[in-house]
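Take a look at the structures below.
In the two complexes that follow, subunit A is the common piece, with subunit B as its partner first and subunit C second.
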Partner chain A sequence: MEVFEVLFFYLSLFLYLFANIYGFFVYFFKKEFYFKIIYKITLLAFIFHFLTIIFRSLISKHIPVIGNYENILMGSFFLIIIILLFFKKEKLILPFLFSLSLNIILFGMAIFADAEKKPLFAALKSFWLYIHIIFAWLSYGAFTVAAGVSIAYLIKKEKPLDEIIFKLSAFGLVMDALMIIAGSIWAKDLWGSYWSWDPVETWSLISFLLYGLILHLKITLKIGGKTFAYLIIFSLITVLISFWGVNFFMGKSLHIFNVG
Partner chain B sequence: MINKIFNFISSIKLSIFLTVSCALYYIFLSIWSLKSPSFVIQNISKMLPFKLIYSFLLLNTFFCIIKRTPEILKNTSKNLIYLPDNYDWVKEVKDKKLEEGFKIKRRFSSLGTIFFHLSFFFLALGFYLSSQSHTKGKFLVGEGEEIFLKDEEINKISEGKPLFNEFPEFSVKLEKIIYKFWEDKLLFRDLEAKGKINGKKFSIKINKVYPLNFYNFIRITSFGYAPSYILLIENYPKPLEEGVVKIFLFPPGTRSFFKTNHFPHKIYLSLYPDFYEEKGIYKTKSMELKNPKILLQVYRNKVFLMEKLINLGELVKVEEFSIAFLNLFPIIEVEIVQDKGVLIIFFSFLLALIGLFLRFSGKRGEILVKKEGDFYKIYGKNIEEF
Partner chain C sequence: MKFYKNFYSLKFTALLIFLLIFFLFLNVLLPQERIVGKEKIKEIVKKNLFLKFLFYDLNLKDIPSSPLFLATLFLFYLQLIVFILRYFKLTLKRIKIKEPNFENWKFLKLKADMEAVRDFLKEKGWKEFKLKENNFYFVINELSPLGFLFFHISFLFYFLSGFLFYYTRSEIEFFLALNQTISLEDERWVSFKKKPRIREDLKGIKIYLNDLNFKLYKDQPLLFKTKIILWHNNKKIEGASEINKPFKYRDLKIYPIFKDDAYLIQIEDLKGFILEKSIIFSNCSRYINNSYEILGKIKGTIECKEAPYLNLSYFEKKEVVQLKEGIKINLGDLKVEILKKIPWVKFRAINEVGSNILIFGFILSFLGLFFRFLFPKMEIVITKSLIYYKADYFPSSLKEKILKFCEVEDGSF
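Our next item is the complex of A and B:
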């Protein structure tokens, strides 16, 4: 079964890459462009991605949420779901391609992550784990796509993109709040208190504050689209730190089970 | 003057300044945590500057809510159609639409903003109560053991504030400790304790607390093996002492000590549950009690007397007494936590969720009215929702 897992992983990675490179090529060389083709290739890659997760689950006997490799698989899975659902309605090629690029960077990092199979430890056997993680990835996914659309906005400066960034960031913020709430409730059961000032908790609070602030700036102070896009791209750093940075560079987190 | 102060406190610029300050403070906190133990960070987070920023932010949010509430409440009116411009022709269209019986969909959505921001106050209140009332006490209980805790005993084990006065006295009977390790690693696949509290069945897991009432709950904080022993002296037919020592011989190799009732000796023990030796170093293959050996070290006052690696049941002579460890029992450390902020924090979460649900659920109806010559043209795919 491990052979199938590896096979489907590389197939999906290859197809994501192909869709992305082909997409940029036809876009920048102004050849006849078919959004549908790029979208369908990505959809095919997504199916292989899904199969990778299925086989991984069968091998490890639990939903893949332990260690960096499994978290990348799942995180990238949620990210691509957001991309596919969002751009099915909004057929915007450049934001789609930039979002897909960010997904490839994330998904590709699975190659370097420790893929050792671990069981679901007693501490993690909780209903709240799934709630917490699903909202985390929906939130991080929305913030990542928002950053991808922001890059496209800085290149094209089209008004609808500005609104899309806002919608995605607002959705991400709501998911982020739900993630923090679910995590706090779980933490009470696991560590005995809602909040422990753990580095991951602190950084997720920083990203919540930052995105909340940016959205308030947009609504109340009506900041320009360019500033808004730059701020959204910059804020993605806090999301990256709360997921990778804290565990890799600080190593003192109670969320250390993220590390492969 | 009062207006100026009100405008300043309720200004978005102050919100920005305070939120950025909070974010910077947290960043500082997480960088500081690189070189400091976690309690230092917890102490820093309770320092005055943090409380000041936090209080200002709450004050600012409160005044922002006051400032915006009239406008928000106006938006919930069922006779309101929001249109971006305020020209006469817009008013005409608006009136016409109202005459035709159009209704606003999700008119209460803006209340979500108020609910969400109000939840911050309950959260702050919950945290305040939590910081004032949070206290805990730990006790050890072994498999098959029954213990009774009365008020004074609960107060004795409590760390910090003796807030267990209101705590009901209770009895714990631990019938079974279920534990499973993952391979040979120090990781639990399962850790659950089952038994009775005040005659009522209970189960606590490593990640699942057991509530005693609204603000008191118990949880498992540690697991270990506790040894039972007998102590013999010459020319005395019965054991002078026997029983279970409530110490954790866990994780493997950890050194713990106890004193006997009759002698001043300090008896240090280290357990290797699945013993093997590698280059003269004692190790364990797994966490299970497959081949348990105990490293025994005895001191009298500060004088080292002896060291020996022993099997269970092996009698060892130490000066005027002999000691043997007969068995090993699973034992857990249980923590009683008292936190009066718990329910309020939970309520604040609920309020925040209701707020977010109100604000973001469902589709928003949007229309665009454009004057083209003498006619009004109405755009918008959601127009049917009005």
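Our next item is the complex of A and C:
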């Protein structure tokens, strides 16, 4: 079964890459453009991505949620769901391509991540784990697509893109709030405190406050589209640090479940 | 007045949020005393004068309790209260449906019949109001501005619950070997991490460890489930305490946090008369004291090498014995025998009030953000030739359909 997991993983990575490179090629060289074809190739890659997750789950006997490899697999899965659902309605090729690029960077990181299969530890056997991470992935996915659209906005400066960035960031913020709330309730059952000022907790609060502040500035002080786009791209750094960085740079976190 | 205006300004709010982010950033980046310990902080500042300035002069060695962070938080809450009081009236005005003033409104040229647009909006659940000159005002999600108010009010609930946690929380840790009963007031087994300021609910509680299921994968527990019995005021409560599912009794929650082995030792005199049976906890996990006194005469300390060893001293006699089942030694006129290995569990018991208030705050926060951002208030005014509109954003499907009624030159909505 492991062979299938690896096979589907590389198939989906190849197809994401192909859709992205082909998309940029026809866009920049002004060839006749077929959004539908790029979209369908991405959809096919998504199916293989889904199969990778199925096989991983069958092998490890749990939903892939442990360690960097599994988190990337699932995080990227939710990101691509947001991309596919969002751009099915909004047929905006450049934002779609930049968002897909960000997904490829994330998904590609799985190659370098530790893919050791681990059983589900007692600490992770909780209903709140799934609630917490589903909202985390939805939130981080929305923030990533918002950053992708922001890059496209800085190139094209089209007014509707500004509004799309706002919509995605607002959705991400609501999901982020739910992620923090669910995490806090889970932490109470697991460690006995709703909040421990743990580096991962603190960093997720930094992300939340930062996106909240940016949306606040957008609504009340009506900051311009360009500034807004730059801020959204910059804020993605905090999301990336929440996702990997804190565990990577700071050794002492209650959120490190996969080491002793 | 000028000070009040500046204090209440949105720019000052942004500055305060920015400052809070900055302090949180420092909380992650700077080594914190509660995580690395006092000694480590002392060691760090010896090498770095700048860190000495940050840790001791600015008191940033524990950001959540540092005066600078707390002062920023205080200003944030003060501004929040002023904001809520002012925004409360404003929100009530905003949710009232009234004739629009067209401030910050945009418009599109209408090509279709206005009746078609009206029918479409009514079908989608928009509320319609007739204006002067046969114009029509449409609104949907008019209660959405309440979302912001809810979100801001939720922070007051966080403050209140935090205050209650701080003043009512008691946190103790205790060790319990299998089939052992202890009182939560017995200082031999119990250590107070945080004493309650108001409540004393733990008095008179006794706990018995009835069963233990424990499985490890490398260093992580795969299964850690205990069955305990609690007695309080002549009441007997049986239940389980496992990771993610603490044992609950009133406001008291008991969490299993560590497991190791203890050894039951028996002391006999030379005639075979049993003088004492005592449980010795292996302390290689550094969680418990490593010195014992048995019968008031035998002193024991634990030494951790590749396995735990017990150093015994009895008057002039000294013996070192490995903590292992079946080991027997003579110690002067006494015989010491290690009878069996017994697993023990370290538990944490937390007793606090304020969870319900916090959960209510969570619900308010979520509802506030959900309705404010995902169901924004949208307004449209239809005249014979123009459509005026105002919202943070319009859903794409709605936009697409409305644009079909309009003459759109630049594609913007």
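Some observations on this one:
The criterion applied here is as follows: the second predicted complex is superposed on the first by the 257 of 260 C-alpha atoms of A that agree within 3 Å, B and C clash if a C-alpha of one lies under 4 Å from a C-alpha of the other, contacts with A are read in each partner's own complex, and residues count from 1 in each chain.
Here is the rule we go by: a residue touches a chain if its C-beta (ideal position, glycine included) is under 8 Å from a C-beta of that chain, and two chains touch if they have at least 3 such contacts.
Worth saying up front: this structure is predicted, and the values here are computed from it rather than measured.
Bringing the complexes onto one copy of subunit A puts subunit B in a clash with subunit C. Of the two partner chains placed around the shared chain by superposition, subunit C is the only one that A:P160 touches, whereas subunit B remains out of contact. By the document's definition of touching, of the two partners only subunit C reaches A:E90; subunit B does not.
Judged by the touch definition given at the top, the superposed model places A:L178 against both subunit B and subunit C.
Of the two partner chains placed around the shared chain by superposition, neither subunit B nor subunit C is touched by A:G67. Contact with both subunit B and subunit C is seen for A:G192 once the two complexes are overlaid on the shared chain. Common to the subunit B and subunit C contact sets on subunit A are residues 118-123, 125-126, 170-171, 174, 177-178, 181, 184-186, 188-190, 192-194, 197, 199, 202-203, 205-206, 209-210, 212-213, 216-217, 220-221, 246, 250, 252. Of all residues in subunit A, only 118-126, 170-171, 174, 177-178, 181, 184-186, 188-190, 192-199, 202-203, 205-206, 209-210, 212-213, 216-217, 220-221, 246, 249-250, 252 touch subunit B in the complex they form. Put simply, subunit C touches subunit A in their complex at residues 10-11, 13-14, 17-18, 20-21, 24-25, 27-28, 32, 34-36, 63-64, 165, 171, 217-224, 242-246, 253, 255, 348, 350, 355, 358-359, 362, 365-366, 369-370, 373-374, 392-393, 396-397, 410-413.
Those residues of subunit B whose C-beta lies close enough to touch subunit A in the complex are 12, 15-16, 19-20, 22-23, 26-27, 29-30, 33-34, 38, 41-42, 45, 127, 130, 134, 136, 180, 182, 187-192, 205-209, 219, 221, 335, 337, 339, 342, 345-346, 349, 352-353, 356, 360. Interface residues of subunit A, counted against subunit C in their complex, comprise 89-90, 118-123, 125-126, 159-160, 163, 166-167, 170-171, 173-174, 177-178, 181, 184-186, 188-194, 197, 199, 202-203, 205-206, 209-210, 212-213, 215-217, 219-221, 246, 250, 252, 257-260.
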